[in-house]
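What follows is a group of structures, each given as structure tokens.
Both of the next two complexes hold subunit A, though its partner changes from subunit B to subunit C.
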Partner chain A sequence: MTVPGSAVGGLNLLHRLDARVKIVGLVGFAVVVVTTPPQAAWAFVLYALTLVFLAALARLSPLAVGKRLLVIVPFVVVVAIFLPFFHPEGRVLVEWGPLRVTDRGALIFWNTAAKAVLSTWGMIILGLTTSFPELVNGLSDLRMPRVFVLTLSFMHRYSRLFLEESQSMRRAMASRNYNPRWLGQVPALGKMLGALFLRSYSRGERVYVAMVSRGYEGTFALNGRRRLRATDLAFAVFILGAAAVIRIVVAAGGF
Partner chain B sequence: MHIPDGFVDIPTAAVTGALSLGAVAWAVRKSSKESGDRTIPLLGVTAAFIFAAQMLNFPIAAGTSGHFLGGVLAAALLGPWIGSLAITIVVAVQALAMADGGITALGANVLNMAIIGVWAGYGLLVLLKKALPRNLISYLVALAVGSWFSIALAAAACAAELAVSGTIPLRNALPAMVSVHMVIGLGEALITVAVASAVLAARPDLVRSYDLPRESLARTGAPRTQRRVRFWSFVVSLFVVALALAVFISPFASSAPDGLESVAIKHGAEQMAAETPVWRFSPLPDYQLPGIESETLSTALAGLIGTAALFAVVVLAGRALGRRRTGQQAG
Partner chain C sequence: MSRAVSSGPVATLHAVSADTDVPAVLVQGLTFAYPDGTEVLRGIDLVVQRGESVALVGPNGAGKSTFLLHLNGILQGSGRISIFGLAVETKNLREVRRRVGLVFQDPEDQLFLGTVGQDVAFGPANLGLNEEEVSLRVEEALEAVGMLGSEEKCSHHLSFGQKKRVAVATVLSMRPDLLALDEPTSNLDPKSRRRLVQILAALPVTKIVVTHDLPLAFELCERTVILDGGRIVADGPTEQILLDERLLAMHDLELPYRFAPPTSHSCRASSRPG
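Right after this comes the complex of A and B.
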């Protein structure tokens, strides 16, 4: 089961980078990809090569990346299904009975699919090389509002606990030969989730009381800001530079 | 319903992002005023609960598992401000750490699920609570309708964003997205009601939107079979309502743009629309399946085929995944 923060720090170059440059670099990369006009197919190939290089640098297994890429499949499939039904103007590429795919329709499909794959891929690299506490620290260094930073760290602390609690409840049901799979058994699952809510709420109260008794007054001291190292800057220059150069060449009219 | 990058264009992403940012900032202010220094622990724990609940697949018919959203549940339990903030946090984590939902589409996703979804569902819950007689059953019905509606409306907002971005025309996207999510919403409604009644039975003081006296919760002592009958009649009536809505609303939804188009033709705007590039704004070009004269019919047919294909994919995928997971548990 995927839990945020499953990435382990300190494995290799990309893992050791400061989270700030990874967030800014990969989010910036995604934004540049999304603004690129779809006609420039070669640009998307170069973007993909950049990501291949990064993934190889981080030694990510292609299988792990591919598995996570599956989240975009439903949307791509929806666009593909409707492809024969709209954008009838333009040159017909494929005709199959009453259904036809035009070059404009195909362009829209290519546009969405390529951009979705590339920017999702970038975010997967971010997620797989950055542990959740690092991510939260990076966001806090990037001056994300404190409410969110603190809530995120609370959420990270408890989501794994609650997941394990819900799994152990599920296991308790299964070990009593009860495996709710049908509509009529929804109330049982509802009771389980209800119990989970009550447990989590009372845990929240307990934590709050414990914090107040230790002098909590609504603010936290967060870790101080770290200095960026040369490798961090090099990474930022590489990824943003690559994206910017490709994008500028596209804007200037291609090769 | 997590839109990936590339499916919303930059102007749409900017507008939805700005709207979400404003709404979230407002929610932060309101909830800190409401809960004081309790806000952060409460919010963190609620987000973690929603996150864990979303991981837990729940059964729909035929072994298909559904994706629980939990927005209206959180709003009903802890109030709409905390509810919408908790969903925002969950959606943001899914985009940043798990690549589920695009980063440029984050504004649109937050708007659909955390703002439109939560507030529409919660608003309907409050309205229905006023309109219906004050008792436990009406409260649960209001909760079911609210959470079902929140899913359908979030799907409609998603379709609208895709249409404005020029990815899928509204008359294809709207019927398909809304009809699929009308069914998914039934699961959401059932789970929401089941969880809320479980919490009501144990700690009614923790359900903030339930303002009836405690006596209304007393068990009637109905025998088990009678309770089961009541549960199933509840399920069946939900299905009937959803089907009725699907039959009456879908043709309206799919023919509405045609109405707009005819107005545009009358006012000579057709020329202008035809010159706009397709990926900027979709002018809904005339299209008919050859051999079928009625435009509404061919549009509806297109929507129907798309929906059926989507259903097949969803059911088959759910079956495969469900079987594998069950197998893992047994082994």
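Right after this comes the complex of A and C.
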């Protein structure tokens, strides 16, 4: 899975950019991609080249990006499975009994697959070049509602602890020979989940008390806003500019 | 007893020390029961003078942690509490919480933001300080606990000892006048414990230390209070209380095996800054 903030070590141009321009740039890029009519196949090739350029600039390993791209496979496969059952108007490409794939259908598949790959790819570049705290700060600076920002931030902070707690409970159960083989042993698992919920709940209460003790009154600023540098602006101009130029040429019926 | 509430969120240390006749903590007849009726505190009277370091010891379930939560008004029982002359009641909570720095037992509860710097900045930012002042406070607090330079680190990447120290820094950045610590040395290895004790000893503020680590009381506090069954059952100089074996045994306490108390001279010396 693409975990934003899985950014590791390597500090190069893309990593150092302000999270805000990366968020705006890559989300904007995805929006432009999604609005491009699927017939303009060459446009998608150019979008892909733009992303290849960015990934190379960030020195991301193609394998790392490729592995993360696999998350979209289930969605694309679902579209592919249902295609033969709907019969969009158009020339029949393949026919097998009552099932047939038309060229309209194939276009729908191409449309979904290409856009899913490109927009996810952009998000992967964002995730691999931005640490989670930076990402959350960026979203906060971009005026994402406080509740969502805090939820994200707490999720990142406590997911690992939650995992550790559940692992230690699993170990405690295994140490007492709990090794569920039949249905009758399942209830213990339910109780473990219940206990895990209660633990998380009381941790939540303790964290809240710790917050209130330091003067929390319902709102707070995470970080001061930083000033954008020339490289940040250059990145925004590049990514949004590239997307816009390609899209405008498509709209004008170019090529 | 009443003291003018400072208008701004930040009362300077000088303004505070101006009226030295007011004790740091004044608790009278404090009782508290949880909503299910369990009585935890059954009439507590305690006065802590400015600059004192008091160890609060007692068996599990004695009400020690519950008592700490009353000092900054998280829990409000019946009875009277005032902190540096300021009554702990809803209208004063903001100032009370600035003055009382509560350090919880589990640093995971205290470090809830993405980075160390953000966590330490959380308190001062809530005080409404400007960015410059906040970063100054962060630097000052991290320096005091020997963690300067780790602002950008994620707290889950720190060692347990470092987490404990950063947890202390998160309240130091509010420049508290009273530090209330819940089990500061629990789960620490000897070296991290030693480091933390030195850091705490060097802080020139009033301290209330809840602990099962009785040697810590010798190291940090000239005075020890035993809480048992929601009541204060003993209160006096640390040596006198903790070397009284009968008293300790009565309240399910004991010094570590073969523990040799430090001479009163060295014990005092370690609790004084500079």
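Rule of thumb we're sticking to: the second predicted complex is superposed on the first by the 225 of 255 C-alpha atoms of A that agree within 3 Å, B and C clash if a C-alpha of one lies under 4 Å from a C-alpha of the other, contacts with A are read in each partner's own complex, and residues count from 1 in each chain.
Everything that follows uses one rule, which is that a contact is a pair of C-beta atoms (placed from the backbone, for glycine too) under 8 Å apart; a residue touches a chain by one contact, two chains touch by 3 or more.
Note that the structure is predicted; figures quoted are calculated from it, not measured.
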Fit-or-clash call for subunit B and subunit C when the two complexes are aligned on subunit A: fit
Which of subunit B and subunit C A:197 touches, first, second, both or neither: first
First (subunit B), second (subunit C), both or neither touched by A:179: first
First, second, both or neither for A:68, with subunit B first and subunit C second: first
Subunit B, subunit C and vertex subunit A (Cα centres) - angle in steps of 10°: 90
Which superposed partner A:215 touches (first subunit B, second subunit C, both, neither): second
First, second, both or neither for A:78, with subunit B first and subunit C second: first
Touched partner set for A:133, first subunit B, second subunit C, both or neither: second
Most subunit A residues touched (candidates subunit B, subunit C): B
Three-chain overlay, closest Cα atoms of subunit B and subunit C, distance in Å: 9
Subunit B and subunit C contact sites that coincide on subunit A, given as residue numbers: 132, 153-154, 157-158, 161, 203, 207, 211-212, 216-217
Interfacial residue positions of subunit A with respect to subunit C in the complex: 132-133, 136-137, 153-154, 156-158, 160-161, 203, 206-207, 209-217, 220-224
Residues on subunit C engaged by subunit A in the complex (per definition of touch): 69, 72, 74, 94, 97-98, 100, 102, 104, 106, 108-115, 118, 121-123, 125-127, 131, 134, 154-156, 170-171, 174
Contacting residues of subunit B [partner subunit A, same complex]: 2-7, 9-10, 13, 28, 32, 36-49, 51-53, 55-56, 58-61, 63, 77, 85, 89-90, 92-93, 95-104, 166-169, 172-173, 176, 190-191, 193-199, 201-203, 206, 228, 231-232, 235, 278-279, 285, 287, 289-291, 302, 305-306, 309-310, 313, 322, 326, 329
Subunit A to subunit B touching residues, read off their complex: 1-2, 4-5, 23, 27, 30-31, 33-35, 38, 68-69, 71-72, 74-75, 77-79, 81-82, 85-89, 98, 104, 107-108, 111-116, 118-120, 123-124, 126-127, 130, 132, 135, 145, 147-148, 150-155, 157-159, 161-163, 165-166, 170, 174, 179-187, 189-191, 193-198, 200-201, 203-204, 207-208, 211-212, 216-218
